[in-house]
Amino acid sequence: MVDFIQNTLDGIALGSAYALLALGFTLIFGVMGRLNIAYGPCIMIGVFAGAGVYSDLTQSIVMIFVATLAGTILASAYVERVSFAAIRADAALASMVSTFAVWMQLEEIVAHLFPARTYAFKELGHLSLIEAGPFFLRQESLFMLLVTLAVLLGLALVLGRSHFGLELRALTDSRRAAIISGINVRRIIFLTFLLAAMIGGVAGFMIAMSDGQVTPKFGLWATMKGLVAMVIGGLASLRGAVLGGMLLGIIEAQAQWYFGASVREILVYAILFAALILLPRGILGGPHTVWRS
Amino acid sequence: MASGLRVSNLSLKYGGVSALCGLSMDLAPGEVIGLIGPNGSGKTSFLNLVTGFEFPTEGAIFFEGQELTGKSAQSIARKGIARTFQNLQVFSRLSVYENMRAGCHRCSKPSSSFWQFKAARNAEKERILSLLDCFSLADMALDTPEALTLVQLRQLDLARALASEPKLILLDEPAAGMTPYETDQLAKTLQDHVLNGRSAIIIEHKIDFIAALAKRTFVLSAGRAIADGPTDEVLCDKDVRRIYLGECG
Amino acid sequence: MMLKLEGMSKHFGGVKAVDDVSLTMNEGEIFGLIGPNGSGKSTTINLITGLYAPTSGTVSLEGRDLTALAQHERTALGVARTFQNIRLFGNLSVAENLWVAQNGHKQRRQHFISRWFKAGGLQDTNIDELLRFSRLHSKKDSLASALSFGEMRRLEMARALASNPKVLLLDEPAAGASIEDGQLLGERIRAVRDRGVSILLIEHMMELVMGITDRMAVLNFGRKIAEGTPSDIQSNPDVRAAYLGTKNKNKEPADA
Amino acid sequence: MDVYTITVLANIALFSFLAISAWLLLLVGEISFGQQAYFAIGAYTGGVSTAVLQLPFGIALLMAIAAGGLFAGLVAIPAMRLSGLHFSIASLAFAELVRSVLNVFQYQRWVDGYLTGPDGVNGFRDIRWIYDAGIDPGTYFLMILGCLSVVMLGVVMASYGRGMTIVRSVGENRRLAAAQGMNATRVRIITASVAGAIAALGGTLYAHMATYIEPAQFGLMIGVHSLAYGLIGGMGTVFGPLLGVLIDIGALETLRIFSGYRMIFFGGLVALVLIMRPRGILDEATVAKVQRWLRG
């Protein structure tokens, strides 16, 4: 029982990173009804930019963060132009395939610019454990949780309080009604991509810091985790994304502890496949998507 | 009446809105019925219910004594009920010939040898070409539907419905968008090639067209049948004219 | 003149959905547009709002050419519409629905900060007034998807009005309504006109169109076949032919 | 022909199986990112059959085809209730599931003094049937070509009959196809199963040429490539996916000027074709034009 609770604690910390990735997917899926499979690779560009700054220019954590964010945003803007803005509105799957094509390009670019493949990233400093009875929480876990909460709070403010947020929610609700209400749809979509890129950049920065290194596998990893978390939670539901991320984190931590890493992988994909078939709308994605926070 | 189409007390509701309210209709084999009414009165909903595109909230549908309620669209089509569409539906990526082939489901039998297969294919080809000929589409057989005009597309839709040799054919505004001359031509084609002995339900706004083809007419308004009887009587009905032209008295 | 179409055509492949249509709507007018199914009415609306680019022809509002503008830019200049099938933001509240439409096109003119942090309050006298006008004030905070059918129709019209339009295009507002509802609808449309909005009404319910429009035009096969006051139209033989399929020479069944 | 040329040609032929497999699903209206799963299933089934169980090559081919078709059918039965995006994600999930299962899959036996068989992440060595049977690469290439011809002939025969018409109609408009009396669900499941069988056939041919396979070879990018081949080449004819393979492997991989930048060019090409010609170079309209021209 102690193990189980400890695993759940670890899982929540890991899951908060997944939740952020799923949020990025969900925002884009919400406004466009399309998947940006290249979301993970875009974040990968960001963390490599951060690693590049760290190894060649400066140790400053702010500069590394800025580089990570800038890299992610730049790559996302490219994806938005090539794979979304340029493809006909009714060809959602063509967009999805196109993001795969861009993914190939991004991976090759990283392979050329960073030939050593694995690079060091600024680490989170000294690691100490916070203990409470039989349980303990790693400092990096606490850091992940706090960052995730901060991002969620910021996102809730933007969506609930700002005019851009209202327009984003309106567009998610009905594209045609949004157009006729005078919303500049292309602008909102572009801004949503940037918002998702910012969330992804923060998530990437946080994950790279806790790992202390970056590899080209990050792209596939981030895309798969975000996708699984989003599907479990429910497509286009923000609360679902957070819940799905947490659930995925907990399931992974438990499976890792009780069965080992390879079974964990099998389990994750089996759950994704089963969730799609048994719960195609996810846990929180009802007939109407749940946007209100 | 076991052998025709029998519809009893058919209702369809979306949320709180009734598209159709307790409609009943009997269609004898070989009978042609006209179905008229303003937009949103439930004509297309009725067709969708009969062909299994939608399922009724209440009521039942029988064809040749068998219940169709709840059956899938493909099994209803296989029983010999074909339809055309008001908003044109053709396979835009298939050629005209292949569109016709897609409709040939009721006549293709499994063949045991290649030669039998080849003979069946040639028979199918002849049938399709002769049907296309009836609608003067034979020259366009290898074109994709993009090359066709609106009238030709409507004819293709109709020809494809006939390719399955249906017992009952449901036409949803077959003359929409046609000029009076084209409408007359269509009425003649229908009379000569389509309606000989086949039962049909025709939805149309052009009343002359209905009058020429159907002996009996139903009028729908807001999901209810407000008139039913011989076509010429129905068309003189005051209520009917009021709904169509806003005539007073 | 308020809205003007000149030589508008829209061809889809070989199909002439709208063919050389010219219309002029005056300020404060209720203008009816009728015609059988497939005659090009909806295409005309879509050409005015900018969903389709015309094959040829121009559309202008108060003398300003709209032809090259995007949909949201036309909304900003004062063209609003409703849909035959209601389109609302089902997961936004009634007030938020109106707020989106009122402010959607104003972004560049307002101060950045106030724009970002204003939506939370939703205190706006215009919106309050509009809610009262549409008898939706008590439902202000409920989700649009929770409204009844009639309330949804009212909200849709209110949302169109929230963008402060000069011209309102109503696409079959009476579809799915009974005849009694239709009469109420007529009064509402007049009330909207009295707010200073010109109205283009597409409708099949003839009683409604004949009853409230000042002038009307009839489309058939994408062409305008008649224009005039409702009584002109009612007696026009071409129109009768288009609607009843009766050729002019033939005996009118109604005379029997 | 030198060995290099033969290897390139054989690769083109082998990828064509995958490309045709993904293309068939495109025709029936679904985008699958997971055909590499059946390629892997075929490779492992075929490899185990000849190397571990010592079965004849022909039997191995049949077993691989059966396994691919069976798995694809079993996956399709639930997955075809989904559509569009959900189906695509499900295909991706299944492919990664297969790969992670293969990572732990062990089935090793002593054969002729060697320990042989799949060994999880370490891969599956010594699928030596070609060498044991004394077949030179040129002959094996001809065998691959023969199998590919049979598959393509099958597709051509299906368009001669009503088969392809049915597949294409269901792919374009399921409701309209149902109104023509087609059972859309059954058509989709059968098509998926046939596509799986074709991929598995390619997989087992690949395993015997490579002699060594490992789960990492059947990653997501292989699936995306095979899908992209059909999209680039075109949906109008079975030569479309072949054209796609030729462009990627025949030109981009072999030409020196692209070396190191192949993915950037190929990715850009895919993105560009999707924007300019959503149904590929040889799309239905082009094929119809060519057919008319051929018949005068």
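Lettered A, B, C and D in written order, each chain numbered from 1.
As a working rule, a residue touches a chain if its C-beta (ideal position, glycine included) is under 8 Å from a C-beta of that chain, and two chains touch if they have at least 3 such contacts.
From a predicted model like this one, the values you see are computed outputs, not experimental measurements.
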Set of chains adjacent to chain B and to chain C: none
Chain whose average C-alpha position is farthest from chain D's own: C
Intercentroid distance (Cα basis), chain D paired with chain B, Å: 42
Mean-CA-position distance for chain C and chain A (Å): 42
Euclidean distance of C-alpha centroids - chain A vs chain B, Å: 51
Between chain A and chain D, centroid-to-centroid distance (C-alpha), Å: 31
Chain B residues counted as touching two or more neighbouring chains: 146
Chain A, residues touching no fewer than two other chains: none
Set of chain D residues in contact with two or more other chains: none
Chain pairs in mutual contact under the definition given at the outset: A-C, A-D, B-C, B-D
Residue ranges of chain D in contact with chain B within the complex: 160-162, 165-166, 168-169, 172-173, 175-184, 235, 279, 284-285, 288, 291-292, 295
Chain C - residues contacting chain A, complex: 49, 70-72, 75-76, 80-81, 83, 87-92, 96-97, 99-101, 103-105, 107, 115-120, 145, 159-160, 162-163
Footprint of chain A on chain D - complex, ascending: 31, 33, 78-79, 81-82, 84-86, 88-90, 92-94, 96-97, 100-101, 103-104, 120, 220-221, 224, 227-228, 231, 260-264, 266-271, 274-275, 278
Complex contacts: residues of chain B adjacent to chain D: 51-53, 72-74, 77-78, 82-83, 85, 89, 91-95, 98, 101-106, 108, 117, 121, 142-144, 146, 160, 164
Touching residues on chain B, where the partner in the complex is chain C: 15-17, 38-40, 86, 146-150, 173, 176-177, 179-180, 183, 204-210, 222, 232, 235-236, 241-247
